[in-house]
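Next up: the structures, one after another.
Below are two complexes that have chain A in common, paired first with chain B and then with chain C.
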Partner chain A sequence: MEDWKRGRAMFATVAAAPLTWLTLFFIIPMAVVWLYSFGTNRGLTDIDISGTLVNYQRALEPLYLGIFAKSLVVAGITTVICLVVGFPVALAIVFSTDRWKPWLLLAIMLPFWTNLLIRTYALMAVLRTEGYANQSIGWLHDRFGSIMPLVGLPAPGAYEPMNLLYNNFAVILGLVYVHLPFMVLPLYAALDRLDRSLIEASLDLGAGHIRTLLAIVAPLAAPGIISGIIITFVPALGAYLTPDLLGGPDSQMIANVIERQFKRANDWPFGAALSFLLMYATFIAIAFQAVKAKQAERRG
Partner chain B sequence: MSNLPNLNGITLADLKLGRRSLLQALGVAAVGISFGGLAACSKSGGGTAAGTGEEAKLNFYNWDTYIGETTLADFKAASGIEVNMSLFATNDELFAKLRAGNQGFDVIVPSNDFVERMTQSDLIVPLDHALIPNMKNIDPSFIDVAYDPGRKFSMPYTWLALGIGYRKSKVKARPDSWKVLFDSDEYKGRIALLSEAGDVFRLAGKYLGKSVNALTPEDIKVIEAMLIKQKPNIKAFHEDNGQDLLLSGEVDLVLEYNGDIAQAMTEDPDLDFVLPKEGGQLNSDTLCIPKGAPHPKNAHAFINNLLDAEVGKKISETILYPTPNAAAKALMPDSYKNNPVIFPAADLLAKCEYAAYNPKLQPLYEEAFTRVRAA
Partner chain C sequence: MSDASPIISIRNVTKRFKGAPSPAVDDVSLDIMPGEFFVLLGPSGCGKTTLLRMIAGFEIPTEGQILIDGQDMALVPPNKRPVNMVFQSYAVFPHMTVAQNVGYGLKIARMPSDEIDTRVREALELVKLDGLAGRRPDQLSGGQRQRVALARSLIMRPKVLLLDEPLSALDAKLRAQMQFELADLQDEVGITFITVTHDQDEALSMAGRIAVMNKGDIAQLATPSDLYEFPANRFVADFVGSVNIFEGTLTLDEPDRAAVDCPGLGKVYLNHGVTGAHGSQVWIALRPEKLYLHVPGEGKAVREAARDAPEGHNFARGTIKGMSYLGDITLYEIRLESGAMIRVSRPNLSRRDQEDFTWDDRVSMHWRADSPVVLLS
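Moving on, here comes the complex of A and B:
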């Protein structure tokens, strides 16, 4: 590796393309939207960047803070379920034979090849009142119902289809379904590099399986767990298609509200303020963490 | 890039922080990429269309399932102009796309209130009536409308009425009042409302005996309270796919457009539609030419073609929406002309109104709707 200070021309050539890309398609457009968040609507299509803070004031009203909180809770639950379900899956792939590994990884990644919209509609077909889930459970219900009088139990009533779609349960199920691969893949990458002899040592020295998992495997896989949590939580927080299609009357998340500002409400400044509020929160969290880490370093 | 004339003429003066011009300036590259394909294929088109002197291409931006099966092919056979149709799902999508600069569309299909919005924001151009002789086919009652007096900017394509679509076997009586949707637990958990703040609030206002264009902020508060009370009875807010929710048995009553239910009724005879006795809200989808259209002459020829009696008949046969085209309607069979779903009774229609675009109230509707959904 050459020092970049010595190879400046080389560094500039390599960095130019991504930097231009980042500036043109990310920083400049984001800066424009950021400016909008300090603007006022003048007529239907013009925004006056007046430096007003009215949009932020409105975004901090209890109504919108409540929706922020709800989105955080939904994304949090999704992330926890993904971690609990994804961890054993990643472990199973790590400990499977070399012949099976690529196939299991393929099975995890396969859904990525299908558009999110199609997958969501497929889930709707499963969860509908007259969908496959209710049909299958209804079939089992009827079968076992006909056996029950034979063994002396009263026959159950007719099957009442469950409400699986258009509620918060459906939203979380849909988010877990979509984001599970985001959790499994970094976990797999972290666990695969794990030194197996440490696990053997732990077991030899008398720790149980659970204790080995919590005291040895989990800390060693921590970087994978953290990156898994981040790349699951962040997109889940901004989810908008899933709550839109699977959610009920009260399943709106912050992204749905932001979308409405840019489309139906035609209030871009307010939509921009709502979007950037989320970003400020992330920046503050990152800065806070950095300060903490520095403090810990100094103490250590 | 002949498709992007409005992007080429950017001067420094345009670069004030106006939303449109700024996005145009910054979006040149992005637009160039996404519509490079479109521009390229219009160039390779070669031949010019008979009569218009423009290249034989036309970019049509339409709703889904909103054209006759052979309409575009027939038009190509008659004029030599190849129509490239893309689809939008909501007026907001159309508006949001066009205000960032016309990306090459020649003919668009906005609804009445968006004709007002686009006229005010200078996004559509006046039509040359001399190039649209088939305007004579339009029912005279559709010419002098409040949202476009004298039809300077738009030609009516269809009209539609919001009402209640329902499953006949699942209701006790014909649900002929908005009460069942907005103010009653009779059909708890079997109702889906349209996810359009303005429409929901205006129609709830209609239930309370108000004109859809005369709601006040106080009325909106009253309606908001009523909807929050009603929310536990509502199963979903749908994205204009109420007919699918009815067909799949997910709900039994939906707030939907009559044409959508008429289409679904051909698949499932157990469905029906009622225009509530309090009256409802009318909409009209119209044909317009956006500013900066690359083929304005072709666009006029196409609009004229769509207003032709035979062509209009074929479109109506497919889409089953009410047509404002009197000559086309005359050619249609009785099953269409006398269908009470497509053409509700005149006394009911008399109680319906077109909703005017109200820039003051729209944000209030939206915020109240957000509160209803968050409650």
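Moving on, here comes the complex of A and C:
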């Protein structure tokens, strides 16, 4: 296509509809919320945009900073687990035969087509005290318990169900479950582009598989790894439903706090300030990726 | 060298790929001696690359055995084999400098870094890349990347160097130059080279011995000149070089002479015997450069024209139907009196030679009685 500057009329026609849409339903509401963050509550519904920084001041109090920090840690752990689990999965799909590849990719994407709420409740059914996980482990426990006296070991006591739900473990498990496809797909895209003969050349020169993975595959897949990390980390940081349903009293993340400001606390200005702090954090993460990508580009 | 044991011994190796109707490599046996420049030549899909990859360890033979230096390689993974490979795409690691690429194998082998530096410098000198150690692969030309791949393999001092279509990605000039350089390099390092190629010129110019492969099988194993001058069958005669092939019947077969009656070419006399049954179907292969074109005398009768041919030569007549001037030679497509076409090449020994003939000229041609090759299959 030619330079858009030369075909201004045409460009304007094509761009008008999406631009209007974005302005009306994205930029303006965002701007409104942004203005709210500099306002004070007056009455139940009135907000006086006074230019105050009180909301931000309050958002930076240790209580909220602590929740921010905790959200960062939870999202970070989620991302690391997704990377560690997702990398071998992506590799396996890349090296599967052409007949299997589309089915494996479909299996990765299948959860996207199921409502998040339903998936989360299903996970709750697995993790409950009387859930499938505890039942299965209890069954194994009883079987082994009946064998142990036969081989001269003391019989273990009755199985105590583990607390798998309503704690940080459940939140991270749920977040990993939800965000794994976000990690696998960019990794798959990066690894699929990799020239196989580079891997063979490394093996040919005496490197083992692990060494080849670390010295050749990982550096060359770095752009995919970084975008996988970003698009896993950013939504995990703003996760609301998962910590709300799977978490305990101490597992609330920043999105839960924000929701409470808008609803129960009816403190929109403060909620807006928290929201924008979260967005700034996200921007920093994306800017970091952009800088890294530029560096990688310059290195060739 | 004749009493040395083979460096690579391929014994009844068959490779079947899942879902493929016929085996990629079909019961191939082959011995390659130390220090040889060995070439696997064949059209794409003939199994030559699969055979090379089985030696490297990237494919596992379905049946049969591969021995390197007397050791069975069945359970040895690629990274433990005493061979190294130069890949068709060169597979130079894009995120490493030239020096890091070349030193990669030694670093894996945990060699001290000062020793690696010395060896890298030597290897780069060997492939004439000294001074480019700090470059990144995207700053190199295709020819330079190939030299990096060569140095990276040679630095490992393998018993055998495997080269997969090493020159296919280079332009014609560079390819011709690299053919000489590869042969010189092999001479210098004394390592056994096994090269896979589909390019017959490349094979003929570099190889000590060539195995021509067809449909997973070795069609002929010979030196370059034997392959060209004494092809064993129609496939080899046709694949290596350019050739005219005529079907015929063996009508005379004595120890010092033979004759083949070809419907297309007429009766072809040979001044040597053929080990074939009398009356059996054979083929005559005649290379275009072994035919001499004649300027026919004005209005000469057939009998007189035949006298133009030297004593003991075969003779045929036809009309020029196509010409292609290639500078050093001119190629002529000639329709014989039988209607069959024959190709003749003529060296342009003086500057106006190509003007001797033109389209629709009636010409006669002759060839020595030992020029045709009689093929039984």
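Here is the rule we go by: the second predicted complex is superposed on the first by the 280 of 300 C-alpha atoms of A that agree within 3 Å, B and C clash if a C-alpha of one lies under 4 Å from a C-alpha of the other, contacts with A are read in each partner's own complex, and residues count from 1 in each chain.
In this text, contacts are C-beta pairs under 8 Å (C-beta built on N, C-alpha and C of every residue); 3 or more make two chains touch, one makes a residue touch a chain.
As the structure is a computational prediction, the values presented were derived from the model and not from experiment.
Novice: Should the pairing of chain B and chain C on chain A count as a clash or a fit in the superposition?
Specialist: Partners fit side by side after overlay.
Novice: Classify the contacts of A:L198 with the two partner chains as first (chain B alone), second (chain C alone), both, or neither.
Specialist: Touch partner of A:L198: chain C, not chain B.
Novice: At the Cα centre of chain A, what angle separates the centres of chain B and chain C, to the nearest 10 degrees?
Specialist: The three centres form an angle at chain A of 150 degrees.
Novice: Once the shared chain is lined up, is A:V32 touching chain B (first), chain C (second), both, or neither of them?
Specialist: After superposing on A, A:V32 lies in contact with chain B but is clear of chain C.
Novice: Of the partners chain B and chain C, which touch A:R211 in the superposed model: first, second, both, neither?
Specialist: A:R211 sits against chain C, while chain B stays out of touch.
Novice: Given the touch rule stated above, what does A:D142 touch, chain B (first), chain C (second), both, or neither?
Specialist: After superposition on chain A, A:D142 lies in contact with neither partner.
Novice: Quick one: smallest Cα-Cα gap between chain B and chain C in the superposed arrangement, Å?
Specialist: Closest C-alpha pair between chain B and chain C: 46 Å.
Novice: Can you list the residues on chain A that touch chain B in the complex?
Specialist: Residue list for chain A touching chain B: 24-25, 28-29, 32, 35-36, 39, 43-49, 63-64, 66-67, 70, 128-130, 163, 165-166, 244-245, 247-250, 252, 257, 260-268.
Novice: Write out the stretch or stretches of chain B touching chain A in their complex.
Specialist: For this pair, the touching residues of chain B are 17-20, 22-23, 26, 29-30, 90, 92-93, 95-96, 99, 117, 120-121, 123, 189, 196-198, 231, 234-237, 239, 248-250, 359, 362-363, 366-367, 370-371, 373-375.
Novice: Within the complex, which stretch of chain C touches chain A?
Specialist: Going through chain C, the ones touching chain A are 56, 58, 77-80, 84-85, 87-89, 91, 93-95, 104-105, 108-109, 136, 138-139, 149, 152-153, 156.
Novice: Show which residues of chain A lie in contact with chain C when the two form their complex.
Specialist: My answer: residues 195, 197-198, 200-208, 211, 215-216, 219-220, 299-300.
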